[in-house]
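Look at the two complexes coming up: chain A is in both, with chain B in one and chain C in the other.
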Partner chain A sequence: MKCRVCKQTAAVALPSHHTAFCPACFAAYFARQVERAVHNHRLFTPEERILVAVSGGKDSLALIHQLAGQGYNVTALHLDLGIPNSSGPAREIVAAFCAAHGFTLRVVDPAEMGLSVPEVKAAVKRPICSVCGKIKRHYMNKIAYEEGYDALATGHNLDDEVARLFANTLRWDRDFLGTQGPLLPAQGKFARKVKPLCRLSEFETAAYCFLHDLRHGATACPYSKGASFTGHKKLWEDLEQRSPGSKTAFYEHFLTHGKTAFAPLAHKDREPLQDCRICGAPSNLETCGVCRIREQVFAVKEKAGADLCGQGREAKNSL
Partner chain B sequence: MKCRVCKQTAAVALPSHHTAFCPACFAAYFARQVERAVHNHRLFTPEERILVAVSGGKDSLALIHQLAGQGYNVTALHLDLGIPNSSGPAREIVAAFCAAHGFTLRVVDPAEMGLSVPEVKAAVKRPICSVCGKIKRHYMNKIAYEEGYDALATGHNLDDEVARLFANTLRWDRDFLGTQGPLLPAQGKFARKVKPLCRLSEFETAAYCFLHDLRHGATACPYSKGASFTGHKKLWEDLEQRSPGSKTAFYEHFLTHGKTAFAPLAHKDREPLQDCRICGAPSNLETCGVCRIREQVFAVKEKAGADLCGQGREAKNSL
Partner chain C sequence: MITVHLEPEGQTLTFDTLNTVLQLLHKVGKRQSQALVIRGGELLTQDRKLHRGDEIVVRGVTSRG
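Presenting the complex of A and B:
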C-alpha cells in the first residue's frame, strides 16, 4: 500500500478515511487533526497555560508530546491512586517520560490522602470505575483551578467520546447530551476542560506512540474488567468495520446537530452549587462527593480499628 | 419455567422484561402492550376507521388480528408490487387470512400501473429498498387519505423502530428525530400514521402468531439482501443480550426526552408542498417522486421498444 500523500510505502492504513500514510505523512495528519480540534472548538490559544492529565497510557503521552511539539505551554499532572501493580509502574513511566522530554511534572497522591482505590472499593458500595473517575476529576479540577491554569486537557480519543456519547444516547440523557464535547467552558470553580484528541481513534494514538517511540503503559487497570464502556467500544468497532467512518460521522454530526438541540434543556432543574464545607470544592450537597467518600473510608478504618481493639480486649479477657 | 402470572408452565420467556408467560397470559400481555401504545400516544379511538397495511408477514397479521380482537373497526390493505416468487404467495396468504377472519380486504396493484419492483429496479439507479418503500408509502397514504380512513396502521415493531431510530441517530438527522414515533398526525393530504406494535419485539409478534395459529409468510424479500437495517438489528440483538431491556429503554426514553428536543427543529427549512401535476399527491417538486419513477420506467420501456424496432429495421435492410 502507498502513502496517499507522498506515494512512499505506507506504514499506517486508515480505512475510516479511505487512506494510508507513511510515518512522516501520518505525523502531519495527526498534527492536523489536533490543530483542527483546537481551532474548530476554540479549545485554547498558544498564550495559555495548559495542564495535561497524564496517566502513562498511550493517549495522554501522545497528547502532551503533540501539544508540546506544536509549541503549546504544557505542564503534566499525574494522579497516583494506589492501585496495586498498576499505579507504581505508571508513575515511573510518566516520570521517565517527562524527564526525557523536559516537561514539568506535578504528581498528586490521593492514595496518601485516604483515597487509594483498594480502600475506596472496600468502603464504598458503588461501581469502583465511577467512584475512581469522580476522585480523578475532583483532583484534576482542583489543581487546574487553584493553580490558575487556563485549561485542563485530557487524552480522551474518538473511541472514548463515541462510547460515552452512545451510553448517553441510550438513555437520551439531556444533561450529558447538552454538554458532552471537546470543550466544557470554565464556570465558577470549574476549570475549562478540553479534549484535543477527539478526532483521533485509539488505533491512531497507538500508531503515533509507536512511530515516535514513546514508551507507554499498556496494561488495563485491574479493576476495569466488565466496565460498561468496553462492550460499547466493541459494538462500535464492529459497526466501523461494517461501515468505515461511522464513528467520526456519529460524533461530528452530534456536535453540529445533536448537542445544540439538547444544550438549552441541559441542567434546567439543577440546584445552584455550594462550596463543600470541608474542601471548598463546588458541590450540590453541603459536603462534596469526594469528601464523603473519604469519610466513608475513614469510618471503615475506624470500625476495623475498634473491632481490632475489641478483639484484643476479648482475647485478653479470655486469658 | 413458570408463568409469572398464573404459575402454570410458561411457553414464552421474555428476558427483556425479566419474565415468562403461559399462552393465555402472554395473549393478555400482548393485548396490554397494544392498549398502552394506543392509549399513551392517542393513536385512535374505537369510533374511528383504521386502514391496516397487511403484507402477509407476522407483524401485520398479528396487528390486524389483535386490533379486531379489541373491537376496532379495521380494513386490510394489501399492495402487490410484482416481486417474482414473493408477491404472489403473499397475496394468497393475505386473501386466505382475511377471508378466514372476515376482514374486508382492499388490494392495490402498483405492479399493474407500471411499478413492478423488477421494472423499477431496472430503470431507477437507487437502492431498491428505499424506492420500494417510497412507492408503498405513496399508495398506502393515497388510499387512506382519499377513502377517508381516520388512520393508517402499519405493523412496525419495536425492533423496526429501534433500528430506524438508531440509523437516524447515527446521522443526528433532526427532521427524522423530530418526527419519528408511533404517531404521525394527519396534515394536509397526509393521513394519520400509527404503529400500535411499537412496544412489542419481533420475537413477540412471532410468538403471537404461533400461539394463535396465524399462518403468515416467512420468506424475506429477495431484494432485501444487505439492507442497512439488517446490520443494525443484529447489533441491537447483541446489545439486548448483553443488557436486557436496552431496546425498550432506548426507544421509550427517546419518545420522552429525545424527540421533544428535536421536534421544534424538524423541517424548519422545508419548502411548502405542492400537488403533483400528474396524480395530485403532496410533493416538493412539480411531479411527485412516484410519478417520476413511473416516467423513468416508461422511458426505459420506450427505449427498449425503439431499440427492438431499430434492430428489426437493420435486420430487414441487411436482407
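Presenting the complex of A and C:
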C-alpha cells in the first residue's frame, strides 16, 4: 500500500477515507482534521487559554501534543481519582509527559476532598462509572471556570462520540441529543467544553502517539468492566467493517441534520439552576450532585466508625 | 517462526507460517482498525508481507475506561 500523497510505503491505512498515508503525511492529515474541527465548530481561537484534561491515555496526550504543536496556549489538568493500581501510574505518566514537553500541569486530587473513587464506590448504589464521570466533570469545570480558562478541551474521539450518540439515540434522550457535539458553549458557571478530536478515530490517535513516540497508559480502569460504551463500540466496529465510513456519516449527519431538531427541546423541563449551598457550583437542587455524593461517603464512614466503637465496647464488656 | 506479542494482554504467540499482516490479524481475532501492527519501530498496513524470524507487536487501540 502506498501513501496517497507522496507514494512512499504507507504506515497507516484508513478504509473509512479509502486512503493510506506514510508517517509524515499522516501527521499532516491528523493536524488537518483537528484544524477542521476547531475551525468548523468554532471551538476556540489562537488567543484563548485552553485547559486540556489529560488522563494519561492516548487520546488526551495526542490532543495536548497536537494543540501545542499548532501553537495554542494549553495547560494540562490531571485528576487523581485514587483508584488502586490505576491512578498512581496514570499520574506518573502525565507528570513525565508534561515535564518532557514543557507543559504546565495542574493536578487535582478529589480524594483530598473526601471523594476517593474506591470510597465513593462503597458508599453509592449507582454504577460507579457514572458517578466517577460526574466527579470528573465537576472538578474539570470548576478549575476551568474559577481559573478563567476560555475553554476546557477533552480527548473524546470519533469512537467515543459515536458510542455516546448511539446510547443517547437508543433512549431518545432529547436533553443529551440536543446538546451533544464538539462544542458546548459557556453558560453561567459552566465553562465552554470542546472536543477537537471528534473527527479522528481511536485507531488514528493510537497511530499518532506511536509515530510521535508519546508514551501513554493502556491499563484499563479496574472498575470499568462491563461498561455499556465498550459494547456499543464493538457493535459500531462491526458496522464500520462492513461499511467503512459509517461512524463518520452517523456523527457528522447528526450534527448537521439531527441535532437541530432536538436542540429546542433540550433541558426544557429542567429546574432553573442555582448555586450549590456547599460549594457554589451550578445545580438543579439546593445541594449539587457531587456534594451529595460526598455526604453519602461521610455518612458511610461515620457509620463504620460508630460500628467499630460499638464492637470495641462489646469486646470490652465481654472481658 | 514468527513471534507475535499481544498488547495489552501481555501474551506471546508463535506462528510457523504467516504471509501478511491481514492473515496475522485474522489469526489473533482483530480487525485492522482495532490494533496497531508494529515491526521494529515501523507501523505495518494489512497488505505488508511477514517474514520468518519477524518479531511483531499487535497493540490493541480500544479504550477500556
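Details
As a working rule, the second predicted complex is superposed on the first by the 319 of 319 C-alpha atoms of A that agree within 3 Å, B and C clash if a C-alpha of one lies under 4 Å from a C-alpha of the other, contacts with A are read in each partner's own complex, and residues count from 1 in each chain.
Note that in this section contacts are C-beta pairs under 8 Å (C-beta built on N, C-alpha and C of every residue); 3 or more make two chains touch, one makes a residue touch a chain.
Since the model is a prediction, treat every value here as computed from it, not as a measurement.
Contacts of A:12 after superposition: chain C is touched, whereas chain B is not reached. Residue contacts after overlaying the shared chain place A:210 against chain C, while chain B stays out of touching range. Contact with neither chain B nor chain C is seen for A:137 once the two complexes are overlaid on the shared chain.
Within the superposed three-chain model, A:258 lies in touch with chain B and out of touch with chain C [touch as defined at top].
When the two structures are aligned on the shared chain, A:239 is found in touch with chain B, with no touch to chain C. Once the two complexes are laid over each other on the shared chain, residue contacts for A:172 go to chain B alone; chain C is not touched. By the document's definition of touching, neither partner reaches A:189: not chain B, not chain C. In the superposed three-chain model, the partner touching more residues of chain A is C, compared with the other of chain B and chain C. Shared contact residues of chain A, touching chain B in one structure and chain C in the other, are absent. Those residues of chain B that touch chain A in the complex are listed here as 169-174, 231, 235, 238-239, 242-243, 246, 249-250, 253-254, 256-258, 261-262, 265.
By the touch rule above, chain C contacts chain A in their complex via residues 7-8, 31-34, 36, 38, 42-48, 59-65.
Within the complex formed with chain C, the chain A residues making contact are 1, 10-13, 15, 20, 23, 57-59, 129, 159-160, 201-203, 205-207, 210-211, 218-221, 223-224, 227, 230, 233, 237, 240-241.
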